[in-house]
Amino acid sequence: MIELTDIAYVRSGAADLDTAVRFAVDVVGLQPVPDLDSTVDAEPRVAHLRADTRHHCLAFVEGGSGVIASAFTVRDEDALALAETELETRGFTVRRGTAAETRSRRVGAFVGFDDPFGNHVELVVGQQTLARPVEAARHAGITEFGHLCLDAPDTTEAYRFWSTTFNARVSDWIGDAACLMRIDEVHHKLAVFKGDGPGLCHVNFQVAELDDVFRNWHHLQEQDVLIEMGPGRHPQSGAVFLYFLGPEGLTYEYSYGVRRITDEAAWRPRYFDPAERGSIDMWLGPTQKPVTQPQVTPPQVTPPLVLPEAVHP
Amino acid sequence: MIELTDIAYVRSGAADLDTAVRFAVDVVGLQPVPDLDSTVDAEPRVAHLRADTRHHCLAFVEGGSGVIASAFTVRDEDALALAETELETRGFTVRRGTAAETRSRRVGAFVGFDDPFGNHVELVVGQQTLARPVEAARHAGITEFGHLCLDAPDTTEAYRFWSTTFNARVSDWIGDAACLMRIDEVHHKLAVFKGDGPGLCHVNFQVAELDDVFRNWHHLQEQDVLIEMGPGRHPQSGAVFLYFLGPEGLTYEYSYGVRRITDEAAWRPRYFDPAERGSIDMWLGPTQKPVTQPQVTPPQVTPPLVLPEAVHP
Amino acid sequence: MIELTDIAYVRSGAADLDTAVRFAVDVVGLQPVPDLDSTVDAEPRVAHLRADTRHHCLAFVEGGSGVIASAFTVRDEDALALAETELETRGFTVRRGTAAETRSRRVGAFVGFDDPFGNHVELVVGQQTLARPVEAARHAGITEFGHLCLDAPDTTEAYRFWSTTFNARVSDWIGDAACLMRIDEVHHKLAVFKGDGPGLCHVNFQVAELDDVFRNWHHLQEQDVLIEMGPGRHPQSGAVFLYFLGPEGLTYEYSYGVRRITDEAAWRPRYFDPAERGSIDMWLGPTQKPVTQPQVTPPQVTPPLVLPEAVHP
Amino acid sequence: MIELTDIAYVRSGAADLDTAVRFAVDVVGLQPVPDLDSTVDAEPRVAHLRADTRHHCLAFVEGGSGVIASAFTVRDEDALALAETELETRGFTVRRGTAAETRSRRVGAFVGFDDPFGNHVELVVGQQTLARPVEAARHAGITEFGHLCLDAPDTTEAYRFWSTTFNARVSDWIGDAACLMRIDEVHHKLAVFKGDGPGLCHVNFQVAELDDVFRNWHHLQEQDVLIEMGPGRHPQSGAVFLYFLGPEGLTYEYSYGVRRITDEAAWRPRYFDPAERGSIDMWLGPTQKPVTQPQVTPPQVTPPLVLPEAVHP
Amino acid sequence: MIELTDIAYVRSGAADLDTAVRFAVDVVGLQPVPDLDSTVDAEPRVAHLRADTRHHCLAFVEGGSGVIASAFTVRDEDALALAETELETRGFTVRRGTAAETRSRRVGAFVGFDDPFGNHVELVVGQQTLARPVEAARHAGITEFGHLCLDAPDTTEAYRFWSTTFNARVSDWIGDAACLMRIDEVHHKLAVFKGDGPGLCHVNFQVAELDDVFRNWHHLQEQDVLIEMGPGRHPQSGAVFLYFLGPEGLTYEYSYGVRRITDEAAWRPRYFDPAERGSIDMWLGPTQKPVTQPQVTPPQVTPPLVLPEAVHP
Amino acid sequence: MIELTDIAYVRSGAADLDTAVRFAVDVVGLQPVPDLDSTVDAEPRVAHLRADTRHHCLAFVEGGSGVIASAFTVRDEDALALAETELETRGFTVRRGTAAETRSRRVGAFVGFDDPFGNHVELVVGQQTLARPVEAARHAGITEFGHLCLDAPDTTEAYRFWSTTFNARVSDWIGDAACLMRIDEVHHKLAVFKGDGPGLCHVNFQVAELDDVFRNWHHLQEQDVLIEMGPGRHPQSGAVFLYFLGPEGLTYEYSYGVRRITDEAAWRPRYFDPAERGSIDMWLGPTQKPVTQPQVTPPQVTPPLVLPEAVHP
């Protein structure tokens, strides 16, 4: 079993990189991280965006729209090597990242593979920590990259995959529509939603206060951003949420007050029927599944030399 | 100085009594209090509604729309007699309630007078306490009659009146648009808003949890109730609020989390400019003054024998 | 104003002394206090019963049924002298107790007078404290003489009397049916109930645990004792109660969990309408006024030499 | 050993479904859960009643009177599969629930079997959680489905069965009349009472306050409901109890203040002789065994296609 | 190793049963437990006396003076069966109690054997708990059956026996005169004193307050009871003690304030030389070994059919 | 009113000085304070004994047996001057101490007078404090000079004297046999007992632990000291006591655990009848009034020049 120690980042293709970045900075409230060097000529334009001490948790790569990779941290190089072996033993095709790819992700090393449903996943070690405070141009109150959510056609199968290959434990089920999983005390850092194909259902950012959710809500409305769902409150995590749609079909979520499961042994996963009122929003507001950003398809990734960061054969 | 010990009730005229009651019960979530007797023949139909241990905090009197009286408690009979004297000394016309009026209000005794702006105020002793639990048909989470808010053309003058005649202390100012006053630890149990004439700006009910505010919000939307303002959060009291309009032009407010001022000596009233964003709603949502229910005008109150509870010369 | 520091005892006439004592001991659970001497020849037979460190809180005097006196403690001899003067100034006839009467009450000195409604009241100093533990033959769990309750035709007048002549403060009103008053932190140590004439409405004993109330309830039922009211819970004091009728028309009450009012300044007396459900018993059980033991009428008290303890001209 | 993680529901046949539901709602204070769909044509009428976050803890199935099944939760699908195997290894006939039965129970999957005494037991996974607040029409103060109690002719044998097949630990014995068992911290969530044949001795609901027990007591009396036992207090769990009989011979219990056993290692089961006073009711009131609702007999369950939810061969 | 979970009772023969009981009730302060049935015809007269929630901790059996058995509790039937096997493996003759004997002891089952020094010991399961409060006729303040103390000629050998066969741990040594052992947190629930032959050195009762020890001291003096030792204070347990002699040569001890050893790992047994002043009584009063009640000898126990409870071959 | 701030010392005449000192040192456990100088030739032999930081609390003056003076501290010289004036105003003859007397008492200044009952009292300022630890030859556990007790024929009159002339407040009454008074938080530092004439009823020393009282008890018995009363426990102060008789008719008391009255306003003096059991000793042991050492009579005090410390005309 491979132990995931945290989530690391989401890497996403942007057809209109500048618009995507501007939205992330001016609307979402992330901080762009300037490039330290430009020696890697072959790399397409990549924008790094940070929310916390991670160097970045969201990277936009100029190119076709669509999620490129979702990344998790493992403990160290040995753990990475073991993970690589274990995945290959189980029949997955695993690829080591090149130096340029590694540099671009600001990690020490990583491997990539496709999960059984086509989501491209990266396991990393040595993700850079930035010591200087986050300085966002817009004060949205973001404190942390909260969780990421993938799509799969069968959430039970997805749970079987994540809970047997990795240390993911189910925290709660929303029928077969969603499986919320934890890899540390946070109620869920990984969720799998039922969807037609692979993709990034949404990316979540925690905010510091209840007030931030609501101030952001009004800000988004003023900016004519499409509010997909909320403000509402999830009965599973207890978090107040707000989902909204950014450029390139990427759904963002703000949330506040997520539950921490401190007594592993005592927790019993619960089952919520999405058809019952309140199962998604305990405030009983209208609900809908957020827009998923599809996984970038293989054709886009050739030739690898030109767009190395999007390669995952 | 007359010491107000609490707010007691609001008494309001209802042209369509049944609709007003149905809204208060099925939408707002108050509990109707059945009459114990029907010996007072001359009385018009009166409906009593409770929210807490008070016998009622809202009474609808069949007749013309409009607020009839806003009532406060004083300590005991002696305090009431002194208040009567003091008000008359200051030039107010004060009228003792008759037995039938007293019975209708479920108090031991009361006096009525018009404040300098035409709002009819009643001072009461012996308001009945009901020992049995509140059992509302709709579970809105209401825990308490929170405050009442009157209109006056000049809030500074209104403050001068309430703070010199009574023990009201200003907690915060919203420019000259509103003066929020406390008579106990609660940030405000009385507010005066700037308005063209006398009237009841709104009546407030506290709810037990943040969730209640939002569940009620969606409930009101489903019932096609007009939301006047909110959900939002007042920076003065720190309370999350929701204003909505009921029948007869009566504005109700739910709120959660009102500040208690436990150190009287340390509190400094603050001044908020209503023109500055966030002064009304620290979540920066759209704001507007709630609809005021005007004070009932004198013509309605004659002859007193027929409608004794609406008399206030 | 005369400061009452505590309640002292109830003194009651018993036509069948042995039966009254047997009930108090075997059913109620009080401890009989043996006489230390028998030198007072002229005294009728008197039985003393204790519940706490007081020498006795209930004394039965052989003779006609009916309450003889209800007694309160004042601080010291000087306070007693001042009380005597003050009462006489207000027009009451006050009589000092004789040596034999004083001895019989186990106090240092006392004065007696009739309240405006005919209840005979005694003010005492130097009530004896017994240091040895209470050893009741029946384990009813009694910890303390809790309060005494008198009858008067007008409770408002009674309140006026007790609150202006003495330091009694009203804690709660039950309409005009009862006025519950405190002289220390206990919610009420004195109550006045509306009744036709003077008399002892009931005498109260606190028990140590909730379990005691209910064990006593079944014990009383097994002994075929008339349960007058309860088990129930008073919304005023919050105490769980049980009223039952003993010989000579004397009503006893067990109660558990009486409220203590520790913040004098913050307490607001409340008004409960006895006609509303739950005003007497917040558990909503059937209620009725307990049987009152009438005040012994003057004829019984002559000649004073023969029945000195019952004299109160 | 099979680990039971909680109790799930009781399923009971009702000859007069409407009366049974009306009693559960208007008298007991449960909330009816509306059906979300009506696609399962073959299903008889089933009414679901909830008391807490469980979708329902009591289901009435139109048909012959009698308990159909008592259900417990196991951790997940794997645990259910293992339980199935273990039970079959021990010689029990175990049947998987069909899709329609599973839907009717609002669980993810379940198996059913008869215990050695003929009680039909179901083990479930994925019982639905309802996120919206419980809104009971009658305010009985119910907070939780507390425990269920089965009958068996030999409680020692029953203990042997439950403690060796499952993780049930005995908390206390009442002679051979009852064995009280815990599967979590609660003193007992499962009890077996000595009875002639299989059946549901009673179903228990916890209430929020002591006051609720007594208010409910009077309410039941006013509704002419048969009080079987109590109000009293069990010395084993320390809970204040009230047993009463509903339609279809189903006994309900309200209780308040059940003991939690937080130190597993330190707890010593105790033995109470039911013939000794106070062993059932430490308040020493009259006691009797509540009426048991017998287990539905096999003939009722054929043909399975018509009454799928009642099948347990 | 057999785990003793508590002490259960002492069973003692009384030549003059009525006097022994009267002393235990009127002087010691125990409560007699009435017989529930008299169906066991062959049984001699047995008196049960309780001090706490145990049905009884002292039973007098009409017959020859002398201790019959000292009993300890084991966890459950399985533990009893294992103990039986283990003792027989070690060469002890173990006898199961008959139904009549079991009933007389108010236990579920028991086995009896002689320890290597001739003390007859019983191991029991299912000792009855009485739920009703202890109601002693004399208020001695007894709260609990504290410990029992046996005699043996060699305390080191006795320790070897008890600590290897059972879970007894030495708490302190008084030279070779006494070995004080614990089986739970209490400093000692079992002690072995050096004596010529087997016997019950004394039986101990804890009292609630220091005052109880001294009040009981004076009470015993007034009743001309022989005080054997004390009031004094044991330096080992820290308990204030008083030993006195009852009928049939049975020594009783009151004690207050016994030490609890809550940190098993940290406790180090200490060694006190009885020849040093203060080793027995840290108050330095005169000391002496209490009178031991000898073990009943075999001849008394025949024929077993007539006196079954005294059989221990 | 003169404010006494503490008790200072007792000064007592000893016919056999060496025996008196030896007893105080070897039996009682006080420390003799060596003389620092011997320049005052005219002084008789005086022995100073200390128990705490006071230079001494007991001084033996060679001469006739009997108490010479009991001393209290006042705040400062001004207070002493005012006391002198006030006493003279009230008709007492007050005498300033000479330099030699002052030196002998190790105070800065003092005045002496006879109370209305003949007890000679001294008021002092500047009593020396000794900084070095008390080093007693016998370790009796004494921590403090606790209180002193005088005799008077009428304790009510004595109370009147001490409470009106000084700041003494009654803490409890033992009928008319004793009045226990406090001048600080300690339950009593001064007591007046009913006696035929003036005298020192006893002098009290507090010990550190309960064990000390009992160890001292056995020590006194071994030394054949007359135990006058105890060990027992006073219900008034709650202190465990032991009274014993020393040479020269001086009664000493050890006590442990005296009550401190920290809420002056809440304390109510209690009245104990000495004829009731337990009023003196709540352990119900035998009681008697301790032996009083009579006040030295005037003849002894002449000529003042020769025996200056005993002069008080």
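Letters A, B, C, D, E and F name the chains as they come in the text, with residue numbers starting at 1 for each one.
The working rule: a contact is a pair of C-beta atoms (placed from the backbone, for glycine too) under 8 Å apart; a residue touches a chain by one contact, two chains touch by 3 or more.
Here the structure is a predicted model, which is why all the values come from computation and not from measurement.
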{"item": "Any chain that touches chain E and chain A", "value": "D"}
{"item": "Chain D against chain A, contact positions shared by both copies (same if over half, else different)", "value": "different"}
{"item": "Farthest chain (mean CA position) relative to chain B", "value": "E"}
{"item": "Rotation angle superposing chain D onto its copy chain F by C-alpha atoms, nearest 5 degrees", "value": "180"}
{"item": "Duplicate of the C-F contact set - from A-B, D-E or C-D, the pair where over half of the pairs recur", "value": "D-E"}
{"item": "Of all other chains, the one whose Cα centre sits farthest from chain D", "value": "F"}
{"item": "Averaged-CA centre spacing for the pair chain F and chain E, given as whole angstrom", "value": "49"}
{"item": "In chain C, residues with contacts to at least two other chains", "value": "215, 282, 284"}
{"item": "Touching pairs among all chains present in the structure", "value": "A-B, A-D, B-C, B-D, C-D, C-E, C-F, D-E, E-F"}
{"item": "List of chain D residues in touch with chain C within their complex", "value": "210-211, 214-215, 217-219, 231-233, 282-285"}
{"item": "Residue numbers on chain A that touch chain D, as the complex places them", "value": "170, 173, 235, 268-273, 275-279, 282, 284"}
{"item": "Residue numbers on chain B that touch chain D, as the complex places them", "value": "133, 135, 137, 139, 215"}
{"item": "List of chain C residues in touch with chain F within their complex", "value": "5-6, 36-37, 53, 55, 73, 75-76, 106-108, 126-132"}
